[in-house]
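Both complexes shown next keep chain A, but they swap its partner, so chain B is in the first and chain C is in the second.
Coming up: the complex of A and B.
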């Protein structure tokens, strides 16, 4: 029974990890920008859900509807006004820029929200469902379903819409896309905006599950990084595969080797992937 | 093509730049007749909430001391000035900061950095320059077993928390036979978990699970499922507020129930109680001090009640042991300096060493190794959203309640 419980836990956690990583993967895959501000976006989304619930009594499901457009605009403007200026520079320049922006955003959050840990407590609590002694918390189930829905929406957007095809085209061959009349600067901004919107929505969902503090941003960023390397950049399914693999390794590792070694194990796996299969489980050149 | 190595180089370069920019933020005043106290704190980084607490404690003491005209040194009054510096939750930097404060900022006396690890590291510098250092938040005996002459601390050893707790559980919860212990892999949380293991075994309890979890662990579901399958009656978990909130939430998620659930060190903090809400009910804990204590002190704050009142007036919140310990460190320095009648570091050090006085914090007397040995730390439990003292009997506010759902 323990084995089944651990597997179910890993499955749910894997989807949450995918949710954390998907926006990061999109930005990295399309723009070739390692977006270090991603973790802080997630935390900001969590504060949005927390504030909306406590101040306005707004359920986190409505907060998702606020988070998606507002983070999109924020991300779009950030890319348009700042990142686009250095987008053609070597990857180190954009990395340093997002690092600096992250310092500013993170410290601004410490200033306004304090470094204290807060928790979004739903009233009444959502509780857990149990089937034959296997327990699954309802909030995690809902977050998982929402994460899958968001992932699917992104997949549809990239596959079916004109903007989505343009994003994929830019990712595949920037110069050819320009020749085909794609406005690359605008596409970059849309992609970054989408990444930010996904991070903001992930934050709203994570607020139900994890304590909220500006200090947790690095933990989210770390997970996103590992998921992208494991799953492979540039595909929606890659983020899911990476998230599930990471959660499984951590869960099984913590039961059989002890929780202190679960993290070690996941990073050993990361190194093995970097050496043996740097493109990740499902990585490929173009974004789906 | 993107190279991970380049990213690492860039990251470390940016961190260095950030470190250089944020480094020396301590203010340097030129006024005379001032006693300067150095306080290295983790103002930024993961330990930032702890730094705020210590800073509030020091500031309250400095304000009170200055309001009374200052510290009386042989008939002459000196104002108190506290020099703060941020070591960014980075222990090696706390050592540098301490040295910088002594050699460049010319502080007269030092407060220790946060926690056992950093205090141990920084105490080496204080010892080298023969500057008395009072550590407000260092409990592990490994900090004091160096037998330094200039280091003193206001936390008793960790076993003084776990022993009364075990005795209480043993007496009140007779069906507790199996204990599961989960510890954050960090100096203090691990040390206290090891003391708990020792104390459980000494009292005839079976330790069915003892594991550490890594710092920054985001998910404990697998670990908790495993503990649940062992069906312990007592679950003992150590960590800081963030870890314990997360673990408590996941325990509820996994429908994990136990007769006794003890968490150290979160429940002593109001923010834990606020954030955990109803799930904090019946969680037991122990700490070095509690606002319900009733000591009549000889220090500047006088009684415990007066300290609590002054603190609430200034910060609009209930003080916890971290606030109180920082404030008492200031008050102890003040008493030692006034008794020595001099700012001579060796004379003040000798006064600290032979100190035997009651304060709002409790009776203060340091052992030969510099660690306080006169305190009796309280055991408490969260009942109806409030911490209720269960032990010692002199300040008991309620009875131990069993059952954490």
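Coming up: the complex of A and C.
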């Protein structure tokens, strides 16, 4: 029974991890930028849900509708005004630039929200369902379903819409995309905006489950790293596979080695994957 | 020896005169300046010479600090503990480097970042040895007076800086430095002409880690108390990069100047705007990257002259 519980937990958590990582993966894949501000975007999204619920009484589902466009605009402008200037520079420059942005955003959040841990407490509570001896909290189930829905929406967008096809084209071959009349700078900004919007929505979902504090941003970022490397860069299915694998490893590791070692285990796995199989489980060139 | 290397040694020699006209606060700043310069010089071996964006500085800083702390708690004298930290970091980094430096670009950056996480979590969980999250107390070394203590650690750190600078200069003048330059410019081509790039990179990574580890050991003995979130702070990995970018990537003199300028800025911001100091650091990083991408060293005197008086050189 324990094994089934661990499996179910991994399934639920894995979808959330995929949702955390997918925006990061999109930005890394398309722009070739490691977006260190991603973790802080997630926390900001969580604060948005928390504030909207406590101050305005808005349920987190409506917060999703606010978070997506506002984060998109924020990310779009950030890329247009700042990151596009250095997009052709070496790895070190873009990485350090996003680190600087992250310092600013994180410091601003500590300044305004303080470093206290907060929690979005739904009233009335949603409770939990138990089938035989397997217990799953309902709020986790809802968050997982929403995470899956968001992931599927991104898949559809990249697959069916014109702008999505342009993003995939830029990812596959930037020069050929330019020759086909794609405005690369604007596609970069759209992709970064999408990444930010996904981070914001992931943050809203995280607020349902985890405590909120600016200090948690690096943990989210770390998860995004691991998921991207495990699953393979730049594909929706890769992020899902990576998320599920990470959640499974963490779950099994927590049971057999103790939860304190789960993080160590996940990063050791990351380094092993980087060395042995850098393209990840489902690594392919295209972003579908 | 080139002119800039002589200038570097002269600069370091000037720093040694600090105790002649400094109080304990100036000594503390001086010790920090030497520590930052060690970071920057060490990072420059991998990041500047070989062109690999390493984020592993904090990992070896923390490892050195904990090695020294644990050894000193077992009654080993400071000098031997420091040597132990140096050798451990050298060997471990060379071994890890041989594996990790096969990765390029973003992948290497992420792997070196995760190294910090792994080391921190290992130290956090090995409570019996390291005290875990409770931290580790380190016995006092001399403890005669505040100022003599400060002077002792200043000279110790300064000596380590001098050693680092000499090794870096030796590396840059040697075949190893030449090989690292080749790797930065085109690794595949340098492999083709018979350069053992794995060996070069492993040695470079080991050298860039060992002095950072010894500096971590000195830091631990200096502050008497360390805990994982302090010495494995990811900011220790990022600061050397900012210093190097500020001073001028690849130039030992540049990165040391960058370290000193950075410390000055950090101290001013920290003293005046404690609540927003990391945000100000972020703004600084962004301005630096956008407007001075090649560092202070790129500001040649002649350029400033021309900028001030508007004369254009006939031959460029």
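In this text, the second predicted complex is superposed on the first by the 288 of 288 C-alpha atoms of A that agree within 3 Å, B and C clash if a C-alpha of one lies under 4 Å from a C-alpha of the other, contacts with A are read in each partner's own complex, and residues count from 1 in each chain.
Keep this in mind: a contact is a pair of C-beta atoms (placed from the backbone, for glycine too) under 8 Å apart; a residue touches a chain by one contact, two chains touch by 3 or more.
Since we're looking at a predicted model, the values are computed, not measured.
Enquirer: Is the arrangement of chain B and chain C around the shared chain A a clash or a fit after superposition?
Expert: clash
Enquirer: Once the structures are superposed on A, label A:108 by its partner contacts, choosing first (chain B), second (chain C), both or neither.
Expert: Second partner only.
Enquirer: Now for A:2: first (chain B), second (chain C), both, or neither, which partner does it touch?
Expert: Touch status of A:2: first partner only.
Enquirer: Spot which of chain B and chain C makes contact with more residues of chain A, would you?
Expert: Touching more of chain A: B.
Enquirer: Thinking of the overlay built on chain A, is A:86 touched by chain B (first), by chain C (second), by both, or by neither?
Expert: second
Enquirer: Output check: A:76 vs chain B and chain C. Expected answer is one of first, second, both, neither. What do you get?
Expert: Neither: A:76 stays clear of chain B and chain C.
Enquirer: Now for A:252: first (chain B), second (chain C), both, or neither, which partner does it touch?
Expert: A:252 contacts chain B only, not chain C.
Enquirer: Between chain B (first) and chain C (second), which, if any, makes contact with A:223: first, second, both or neither?
Expert: first
Enquirer: Have a look at where A:32 lands relative to chain B and chain C in the superposition and call it first, second, both or neither.
Expert: Once the two structures are laid over each other on A, A:32 reaches both partners.
Enquirer: Which partner chains sit in contact with A:50 here, chain B, chain C, both or neither? Use first/second/both/neither.
Expert: Neither partner.
Enquirer: By the touch definition at the top of the document, which applies to A:213: first (chain B), second (chain C), both, or neither?
Expert: A:213 contacts chain B only, not chain C.
Enquirer: Tell me which region of chain C runs into chain B after superposition, given the options 58-66, 76-84, 166-174 or 238-246.
Expert: 238-246
Enquirer: Enumerate the residues of chain A that count as touching chain B in its complex and touching chain C in the other.
Expert: In the superposed arrangement, which is not itself an observed complex, chain A uses residues 32, 34, 91-92, 95-96, 99-100, 103, 107, 218, 222, 260, 263-264, 274 for both chain B and chain C.
Enquirer: In the complex, go through chain C and note every residue touching chain A.
Expert: 47, 53, 99-100, 102-103, 105-107, 109-111, 113-115, 117-118, 121-122, 124-125, 234, 238, 241-242, 245, 275-279, 281-286, 289-290, 293
Enquirer: Show which residues of chain A lie in contact with chain C when the two form their complex.
Expert: 28, 32, 34, 82, 85-86, 89-93, 95-97, 99-104, 106-108, 111, 218, 222, 225, 229, 260-261, 263-264, 267-268, 270-271, 274-275, 278
Enquirer: Within their complex, state which residues of chain B touch chain A.
Expert: It comes out as residues 2, 4, 6-7, 9-11, 13-14, 18, 44-46, 48-49, 52, 182, 185, 211-214, 216-223, 225-226, 229, 241-242, 245-246, 249-250, 252-255, 271, 275-278.
Enquirer: Going by the contact rule at the top, pick out the chain A residues touching chain B in the complex.
Expert: Residues 1-2, 5-6, 9-10, 13, 32, 34, 91-92, 95-96, 99-100, 103, 107, 110, 114-119, 121, 125, 128, 130, 135, 137, 139-140, 209-211, 213, 215-216, 218-219, 222-223, 247, 250-252, 254-255, 258-260, 262-264, 274 of chain A touch chain B in their complex.
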